[in-house]
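Take a look at the structures listed below.
What follows is a pair of complexes built around chain A, which joins chain B in one and chain C in the other.
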Partner chain A sequence: MTDIIQILILGLALGGVIALMGSGLALVFGVMRIVNLAHPSLIIAGAYIAYWGAKLTGIDPIVMLPVAAAIMAGIGVLMYRLVFEREARNAKYSEMTVLLTFALAMIVEGVLGGLFTNTQRVTSPGYATDAFFLGDLFIPKGQLYAGLISLVIIGALSLFLKYSRLGYAIRATTQNREAAELLGVNVNLISVLAFAIGIGLAGAAGSLVSFVFSFFPAKHWEWIAMLMSVVVLGGMGSILGTVVAALLLSVIAAFVGTWVGATWSTMTFFLALFVILLIRPQGLFGEKPEMA
Partner chain B sequence: MSVSLQQSSASAVLEARRAHNDKLARKADQARAVWFPLTLLALLSLLPLLQLSGNYNYVLHIVLFTASYVAMASSWNILGGFTGYVSLGHAVFFAIGGYFSGMILARFGISTIVTAPVAGLVAAIAGYLIGRITLNVRGPSFIISSIALLMIARILFDNWAFIGGANGVTLPVNSLSAQWAKVPYYYAMLAIAAVTVWVSYRIKHSKFGLGLRAISKDEVKAESAGIDTRFYKVLAFALSAFFVGMTGAVWGEYLTYLRPNIFLIILVSANLVLMCILGGKGTIAGPVIGAILIVALNELFVATMGASELNILGTGLVMALGLIFFPLGLVGTLARRGKLPRVLNWD
Partner chain C sequence: MSELLQVTNITAGYGDGPAILDGAHLTVEPGKVHCIIGPNGAGKSTLLKAICGMLTIRKGDVVFKGKRLNGLRPDQILRAGICFVPQERALFPKMTVRENLRMGGFVLDDQRELERRIGEILERFPILKERADQQAGTMSGGQQQTLAMARTLIIKPDIVMLDEPSLGLAPKVVQEMFDIMKMMSAEGVTVLLVEQNALIGLKNSDWGVVLDLGRTLFEGPASTVLSDPRIQELYLGGKKAA
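Coming up: the complex of A and B.
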């Protein structure tokens, strides 16, 4: 029994981080119908910001989080202006953007690899290797902090989307782009904003990831299918769905990892993605069968 | 009286239309430069004679390497170019072909050149089964599912002890002298590339190819026009897996080892997509031109900068710029502007 609770705790803590990694992806897809395959590579870019912050100045990666988020948000605005703005008129837009973001992912990987080489990195603040003990249970502090902070950030994002005027506009654009534009929403501005927030979330996730997982520039290929499975299961664009899916899948992955074998735990995500696409392409919370 | 008049005028209209179609077809035949690829093929098949006068192994290697990508890109084009279903998972079939023939070579000593068609068949069967599942979804979902497929295959290959797991398998080296060791693979690859281009040409000019292109324009309308879109798509997927599998088989023996991190990487798939996009998706000459360009660029990058990270960066940059500025590719853009040189018109 303690085993099961133990695995559950580890799965949930990781799930929180994965939810944050996926939420930016979901937001960007929801508002702009861009399947951003470059998202994980940008998370790694964020992780490098935290890594070098910690290495050069000794700043804690959690403190570096807003810095990484801000830098990445800026890069997001740049990417949107340079690449996606002109693509918005393309007929095969959403398919085109998959290939474009795929190319962007390679560019980011190439730049990071050129700058920092392909060695495994990890930031190691004191809590990363420490743990709380509750009787027989242990909770690794690093994963717990990362998971909690992720959920706080996602909570704040949901509140922003729900109660602020800009959040209103973003949600309206997600639901129906043309109608929102007719009602006076500056759709282009909202798109830039949502894109910046989405990539900013990648930066934030990156600084948390930097002490939870070890990372190197080419690692993002492993994450893309994992995050896609979370976002697709969550219903392509629903933040709440993404969180639920992330927690669900990472708990399942934790059980698979313990009982079947560590190599098969990532397989959970890939197989889940396959099965979801086949059985219920619109995901748990999605309503748009047009994606199928 | 009036009925017979109508009939005769209807048949006259049909007659006129047929004559017009024939005229168009003749015009297209005249514009098509089939002699060019044939001459190129003839010249390339004489190239190994160079070995009589010195050591040109590097030249042979480059042509062989290009031919392998010509075959794979043309093969990818059957699915991605004609039907518009972009697959980033074709490296899986490359690996299936390579491992199937490679394991036979390692166990029984039968050259992969002999077993390559069987390897292609195995890859095609795998493609058929996978296609039955993944071709149910369209657009971005299909692309994502193909990436997931690659990831799943990588984990399976990495952990399958029988085929050597992540360490892979070392294959026996053939008994020819260094001077001639590459030549059998050279001819095999050249033949595979030629057959693939020819098959994709035949497909494009068949009713099947017409159906595939109808699917890429509007699948629902194609379906309602009586095309069995599901069967067409799955068949296209299997065919495009076939030649990639064959290429993988010969490539494995040429490399003399099989390893998941050589066969099952997304860069292989990405290269196929990139070649087709750069050359022109859905055209016959496009993938060939794209393959030649990318291999040349690759050699340039490696020769001048060396590092593999910069290689990835270069691939990504070329792909992004190509997508943004020439979404139709070289052949497609030139044809759209009516400036396609005749030597590049193989359609």
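Coming up: the complex of A and C.
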């Protein structure tokens, strides 16, 4: 029984971080129908900001979180203006963004590789290798802090979306872009803002990831399938769905990793992606796709 | 005649595609109900979309209260006082009735005033009050249309444009929609309506506009349009107005 609780705790803590990693992806898809394959590479860019902040100035990666989020949000605005805005009314926009973001992922990887080489990095604050002990159970402090901070950020995002005027505008644009425009929402501005928040979340996730996982520029290829399976299971565009799916899949992956083997842990996400697409393509909280 | 909105020989279409409207004109008088009729593909919905800024006007002018609207965005045209309800009602299905009403007043800066107006609307439409916390997407077609029309009243617009409000509704519910429209008109809101069912549309209107192949063929008092034998033959299926 203790083993099961232990695995559950580890899975949930990691699930929180994965939820934050996926929430930006879900938000960007929900509002703009951009399938952002570059999202994990931008998380890695955020991780490098936290890493170099810690390495050069000794600043804790958690303290670097708002800095990484702000820098990445700024990069998000530039990316949107330069790459996505001019094609926003194209009928094949969503399909095009798959190719565009695939290219962007490779560019970001190339730039990061050129700047920082492909050496594996990890930030090492004291808590990253420490743990809380509760009887026979242990909770790694790094994972716990990262998981809790992720859930706090997602909670704040949800409150912002639910109650603020901008949040209303973002939700409305997500559900019916044309209707939002007709009611006075400047949907172009909202799109830029939502994209900036989405990429800012990637920056925030990067800061936390920097002490939870080791990373290098090409690591994003491993993460994209994991994040896509979380976002697809949750229901493309649903942040609540993303959180539920991340926690669920992380816990399953933790059990698989312990009982079957670590190599199979990652397979959980791949397998989940196939199964979801076959059985319930709209995910847990998504809309059932209309038949053509 | 003091026109509120004047559309003069406009040409408009979707993207770079062919012009759907070519020589459409329209005069809208304050406080009246205007009904645009015409066959499928005449450009009726396109005309409303061009007025509200969803399409670029290639030629001609749209002048509202003496101000040219050409080139303005939909949000700017809404702020000027023209509200548009498209065919598919443009609701936010996962938002509650109250949240949809709140979105109706998105352009209002005074949040306290917005809440007061939402309260007023809920009092006037008991069905919406009953379902204030229900998701809009789970309501019936008639209730959704009521919400879409009631939502326009939040900003107290000068003109409400309705694109086929009766589409997909049962006959009894259709009359309820026209009753709401008449109530809006009685309160001084000018209504510009596109209606596929020309007979019922004109019977509930003051002014009729006949559009075909993207141009205005005829406009005049609704009773005149209804009694014109050519219009009856072409657009009313030969039915005589009762």
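Note that in this section the second predicted complex is superposed on the first by the 288 of 292 C-alpha atoms of A that agree within 3 Å, B and C clash if a C-alpha of one lies under 4 Å from a C-alpha of the other, contacts with A are read in each partner's own complex, and residues count from 1 in each chain.
The rule is short, and it goes like this: a residue touches a chain if its C-beta (ideal position, glycine included) is under 8 Å from a C-beta of that chain, and two chains touch if they have at least 3 such contacts.
The structure presented is a predicted model; accordingly, all values stated were derived computationally and were not measured.
Student: Which chain, chain B or chain C, is in touch with more residues of chain A?
Tutor: Ranking chain B and chain C by residues of chain A touched puts B first.
Student: Pick one for A:Leu134: touches chain B only (first), chain C only (second), both, or neither.
Tutor: neither
Student: Considering only touches as defined above, state whether A:Ile4 meets chain B (first), chain C (second), both or neither.
Tutor: In the superposition, A:Ile4 touches no partner, neither chain B nor chain C.
Student: A:Pro217 contacts which: chain B (first), chain C (second), both, neither?
Tutor: First partner only, chain B.
Student: Quick one: classify A:Val185 as touching chain B (first), chain C (second), both or neither.
Tutor: second
Student: Name the contact category of A:Phe274: first (chain B only), second (chain C only), both, or neither.
Tutor: A:Phe274 sits against chain B, while chain C stays out of touch.
Student: Please indicate which partner A:Glu109 is in contact with in the superposed arrangement: first for chain B, second for chain C, both, or neither.
Tutor: Only chain B is touched by A:Glu109; chain C is not.
Student: Examine A:Arg171 and indicate which partner it touches, taking first as chain B and second as chain C; both and neither are also allowed.
Tutor: It touches chain C, and chain B stays clear.
Student: Going by the contact rule set out at the top, does A:Val232 touch chain B (first), chain C (second), both, or neither?
Tutor: first
Student: From the superposed pair, tell me which chain A residues show up as contacts to chain B and also as contacts to chain C.
Tutor: In the superposed arrangement, which is not itself an observed complex, chain A uses no residue for both chain B and chain C.
Student: Which residues of chain A touch chain B once you look at their complex with the stated criterion?
Tutor: So the residues of chain A in touch with chain B come to 35, 37, 83, 86-87, 90, 92, 94-96, 98-100, 102-114, 117-118, 217, 221-222, 224-225, 228-229, 232, 263-264, 266-267, 270-271, 273-274, 277-278, 281, 291-292.
Student: Using the touch definition from the top, list the residues of chain B that touch chain A in their complex.
Tutor: These residues of chain B touch chain A: 84, 86, 88, 133-134, 136-141, 143-145, 147-149, 151-152, 155, 158-159, 266, 270, 273, 277, 307-317, 319-320, 323-324, 327.
Student: Applying the document's contact rule, which stretches of chain A touch chain C when the two form their complex?
Tutor: 89, 165, 168-169, 171-172, 175-176, 178-186
Student: Would you tell me which residues of chain C are touching chain A in their complex?
Tutor: Chain C residues touching chain A: 15, 52, 54, 73-75, 78-79, 83-84, 86, 90-95, 99, 102-104, 106-107, 111, 151.
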